[in-house]
Amino acid sequence: MNEILLEVRNIIVRFGGITALNNVYFDVIKGEFLSIIGPNGAGKTTMLRAIIGVVKLLSPSRIFLADRDITDITVHERVRMGLAMTHQIVRPFKSMTVLENVVIAAGHKRTGNPFSAMFSFDRKSEIEKAMNLLDTVGLSDVAEQPVTGQPLGVLKRLEVARTLAVNPGLLLLDEPLAGLNHVEAKKMADTIVKINQNGLTIVMIEHNLAEVLRVSQRLIVLDNGFKIASGNPDAVLCDSKVRAAYMGKEKINAAA
Amino acid sequence: MLYLELLLQGLIQGSMYAIIAVGLTLVYGLLRILHVAHAGLFALGGYVGLLIFNETGSLILAMPLAAALVGLVGMAVYRLCYQPILDRPPYVALIASIGLFIAMEELFRLIFGPYGLTYKNPPLQAYVNLFGIHIRAAELCMVGASITLLGVLSYLAQNTRIGVACRATVEDPEMAASFGIDAIKVRYLNFFIGSALAALAGIFVSLLSNLVEPTMGGVPSYKALAIIVLGGLGNVKGTLIASLVIGIVEAFGTIYIGNLLDRDAIAFAFLIIVLMIRPQGLFAEK
Amino acid sequence: MGIYEISLGTIVCINIIFAMSLNMITGFCGQISLGHAAFYGVGAYCAGMLAKAGFPMYAALFAGMIFAGMTGLVVGLSSLRVREDFLAITTMGVNFLFLGIVRQQDFLGGELGVSSIPSHGMGKIGFLVFVMILACLVIAWSHMIKRSWMGFAFDAVADDEDIAQVLGIDVGRYKLVAFAIGTALAGLAGGLYAYFARFIVPDDFGFITSITVLSMVAVGGIGSIAGVVIGTLLLTLMPEMFRFISDYKLLIYGLLLFGVMRFAPEGLAGLIKSFVGFICKKRAAL
Amino acid sequence: MKKTGLIILALLVAVCMSGFAGASDTVKIGFHAPLTGFAASDGKSASIGAKLAVEQVNMSGGINGKKIELIIYDDQAKPSQSIPIASKLIGQDKVVIGISGSYSGPTRSAAGIFQESKIPYISAYAIHPDITRSGDYVFRTSFLGAVQGKAGAKLVGEILGKKKVVMITLQNDFGKSLAAGFKEAALNFGIEVAGEYQYSIKDRNFGSIVARVKAHKPEAIYASGYYFTAGPLISQLRASGVTVPVIGQEGYDSQKFIEIAGKAAEGVIITTSLDRDSKNPETASFISEFEEKAGFKADMVAASAHTAVMVAADAIKKAGSTDSVAVRNAIAATKLKVSTGTIRFNKLGEVVKSVQNQVVKDGLWRHHSIIDDAKILTPPEK
């Protein structure tokens, strides 16, 4: 049960003179639902971007996926190894329909090699798979519509469906609930829990604490690039350091 | 001695590039348009300046008048040509701009003739002897003007309300708008300033060669693009330095490797090398 | 058919191959190139030199294609480093660099170019048919790529590189493939041009040629195969149609470029599409 | 709206085409020149020169009772444009002779087409050595670059007696072939080339080259270029304190050069084919009539185009028909007094005539000297 899927060791990231992540380390256990929280600018998104591989790491940072060192391999290879990530600001392919957005992701096996892709035309099985996924996130009725002009709620769901289409083993979610209203957020969170229950490991960043506490099994708290706490949600929220660093600011933010 | 003179020539050429490129980078920083027709406004400046000078005989009158007039044309270009296609992919504005530039060159040829115009009594042709180096008054004035103009601009940008508004709009248009800055006004202003600068550059160049031709915008049309990319697109300070660097590289290059590569090739070889090492240009925006 | 019609037909077909080759890079894969004439030139010079050295036409054309494709691959590597406007200017620089190098190479004829390229030996009509068949093959191939998973992945890369990568698409490799195919086809077009003109000079492959071919693609409708063919036909034949007002020919050309981008930014293909859509809607309403 | 526009356009095209194709009581001469684009100024001069020649011939009764009709097309100085133009002149307009009033690139491309169709073709002022090598139907009425370069060397080394020279070379076919000819003959006249610097046709600012040239302390400067590059170059040379003689070529040969360079132009000597002080009535009448027609002073380009049309008219007259073989032979046998002197062609179709050296005096081109040294002027035979 306690098999470690992802191991993040001594992550250091710098932008210009600022240290965005400072020696952050943690493990992700297969099948769990882990959330990363922290005030704005704590380095949460940077952490996810480091795992997926779009941010440059400084030594001695190391990332292992299922015991394999993936620190130096490219993004698309990581994706093919079972990592996937959604973005906080949704960026669908604007030139495509909702369905096509998922189909292109579902076809990741076909697009692996450009040359064989040139001679590959059949999209039937990918379309079928994409329709199933759209069904899972409740978008099957807008499948044929162009993405431009769709409301944020649809786009957020599309983002999840599209990411699922690459068959990930570990899903990184960057604020999947941001911008959604109360009802939508709850619905979305439920969808994510369902996905988790189907066997997918999830690492989520989220500001909506109520939903985080409802769905997460474990929390990690970042502040100013440092990991300041981790453990089960109740214990973490009682931690004085967390209250000092995170809750205080967050309350001010919430009030504003 | 020769090195010093070449360095000086590089700085002269560089300050000419700077006046053109700073205007272009102002436009780019705000609207993300590769504004090729800027070079058409440069040539227009040359024509207007020369015509006013030949009528009145006064450069003091010709320069600001031409700058103001071309500045207004620049605003019109923005309103009529770019504003409606801003939300399109970048190549749309680029090709529209190229089309506009070709049409402008042809209009100049049709109106003013293909042979080019010359000054009746070209002003600023005297030269000063600085330790054996002859520098023409026009060259000195151009360097002086570029320093003064760009200095004044940067002072205004730092210290006046509208200057701050400009910079804020470049950095974050939505944020600026939420502080009550009228982004549209800022765009007009940038086009006005940029085009006026281009016009002044056109006048200086025509003074150096005593020739205003329909095709005089040809070289700046692409060279200025290279310079603003080298300077880190939209970065005024970077553009300034890139202009001088390209000027100096060209001045030395034409003499020492001129038999291997021509002036343009030298400049672009330099650009490519820099971009391969620093893909964001010499000075990144952030 | 007189020799005039034959020569026009041949030029149109060569330009279609050339425009299709750019469409592969810019239209399908979304990588703006302002220096495509360089690869056209590589193909032309390679084929021309080999033809003069006594190689048969098919070998010379093939070699030109391979050589251009390899050069394109190297330039494509820069697209992994720099993006969008930076890439546009880098490719433009490649064009100037190519020209600068060719101008100074005596074995390539330098400024005098390569003349007396041997005849293709198939007669004017034979050559026209040959070029026409090649153009049809290139169109068919483009069509096939567009429909395949490769074309689908190109769409994703063109739309948003970062996202494509996160969805497991090897963006770098796709870009390189697009550059390799596109530049090889440009090399083929160049080789055909060398055999057609039987005389080439560096200026045939300058920045203006790059702009012209980009205009063909953009005016037709970037990414649309039928659009690019129409755009190429229009812009190639336009100078011929307007010969009788030759003084205004370039002016009209410039205004057309500008006008299409300003009022129909998706090119003629987009215009036709929205027109058809409009008719259909009207019908549906009746 | 759009439709009517299209219809009008189609009608116009039809009218124009039929208008040209219908008439058969004229002798057609085809002419292409860069009327738009960067070389438009030379194209304009050339086409006015050619039109003037046609008017003069038609005024004096035309050719064998028929008037000449000049068909002018714009080639933008682009080879890719001149190929369909040449095909159109031959295939649609059925011209008797083709004349290029354009630069080397378009001329060389068109020459091949004319040669293939066995229609005589005359290059007015393009200097590419391979133009006449296209075949026996192609002729040239201007000097080869190499010939003029050699003449320049004689002018510098012998007539002016200057031995230490710096070359400033325009980086195109014109400048390069001049430089090659100059360097080839330099040794014969004891000239030492202290340095050579190149510039592009787009350059108008020569600061660094001027600085370098000055450091050489030459006795004379041999600078190739056109009036629009040479004007700024000379004025910048003089402004930086270089006072030694500057020797140019026919590219300078325009009043505009003097206008641009102003006082700095004084004393500049060039090798060209038009002598402003010629007593030759053909030259004198050309110079005065051109100025009247064009509104500006005659230049080399105009004179060359004028010459080419005169050669063509003379050949058709002598051939007595428009048969292309007869016309070709008549051109090859030309011995004619025209605005650029007395000319004939060698076996290759290259012109043989004397080089006119002109000097700027009081803001005008004036006679300086003549080079008629056969050893220098003889163009290659193949």
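Order as written gives the chain letters A, B, C and D; numbering starts at 1 within each chain.
One rule holds in what follows: a contact is a pair of C-beta atoms (placed from the backbone, for glycine too) under 8 Å apart; a residue touches a chain by one contact, two chains touch by 3 or more.
From a predicted model like this one, the values you see are computed outputs, not experimental measurements.
Graph distance from subunit A to subunit B, where chains that touch are one step apart, equals 2. Averaging Cα coordinates per chain and for the whole protein, the chain whose average falls nearest the overall one is C.
Summarising the inter-chain contacts, the pair of chains with the most C-beta pairs in contact is B-C. Put simply, the C-alpha centre of subunit A and that of subunit C have 41 angstrom between them.
Averaging C-alpha coordinates per chain places the centre of subunit C 34 Å away from that of subunit D.
The distance from the centre of subunit B to the centre of subunit C, with each centre set as the mean of the Cα atoms, comes to 31 Å.
Those residues of subunit C in touch with two or more other chains are numbered 103, 247, 250-251. Within subunit A, not a single residue touches two or more of the remaining chains. With touch defined as above, residues shared between interfaces to two or more other chains in subunit D number as follows: 36, 171. Chain contact topology: the protein chains form a pattern that is neither a line, a ring, a star nor a complete graph. Across the whole structure, chains are in contact as follows: A-C, B-C, B-D, C-D. Contact residues on subunit C toward subunit B in their complex (touch as defined above): 26, 32, 78, 81-86, 88-90, 92-94, 96-97, 99-101, 103-104, 207, 211, 214-215, 218-219, 222, 247-248, 250-251, 253-262, 265. Subunit D makes touch with subunit B in their complex at residues 36, 38, 40-41, 43-44, 171, 196-200, 202-205, 207-209, 211-212, 215, 228, 231-232, 235-236, 239-241, 256, 259-262, 296. Considering their complex, residues 52, 54, 74-77, 79-80, 84-85, 87, 91-96, 100, 103-105, 107-108, 110-112, 114-115, 117-121, 123, 162-163, 165-166 of subunit A touch subunit C. Residue ranges on subunit D touching subunit C, taken from their complex, read 9, 12-13, 16, 35-37, 72-74, 76, 78-81, 83-84, 87-88, 90-92, 104-105, 108-109, 112-113, 117, 128-130, 133, 171-173, 175-177. Of all residues in subunit B, only 1-2, 5-6, 8-10, 12-13, 16, 106, 109, 113-116, 118, 122, 125, 127, 129, 134, 136, 139, 205, 208-211, 213-216, 218-219, 250-252, 254-255, 258-259, 262-264 touch subunit D in the complex they form.
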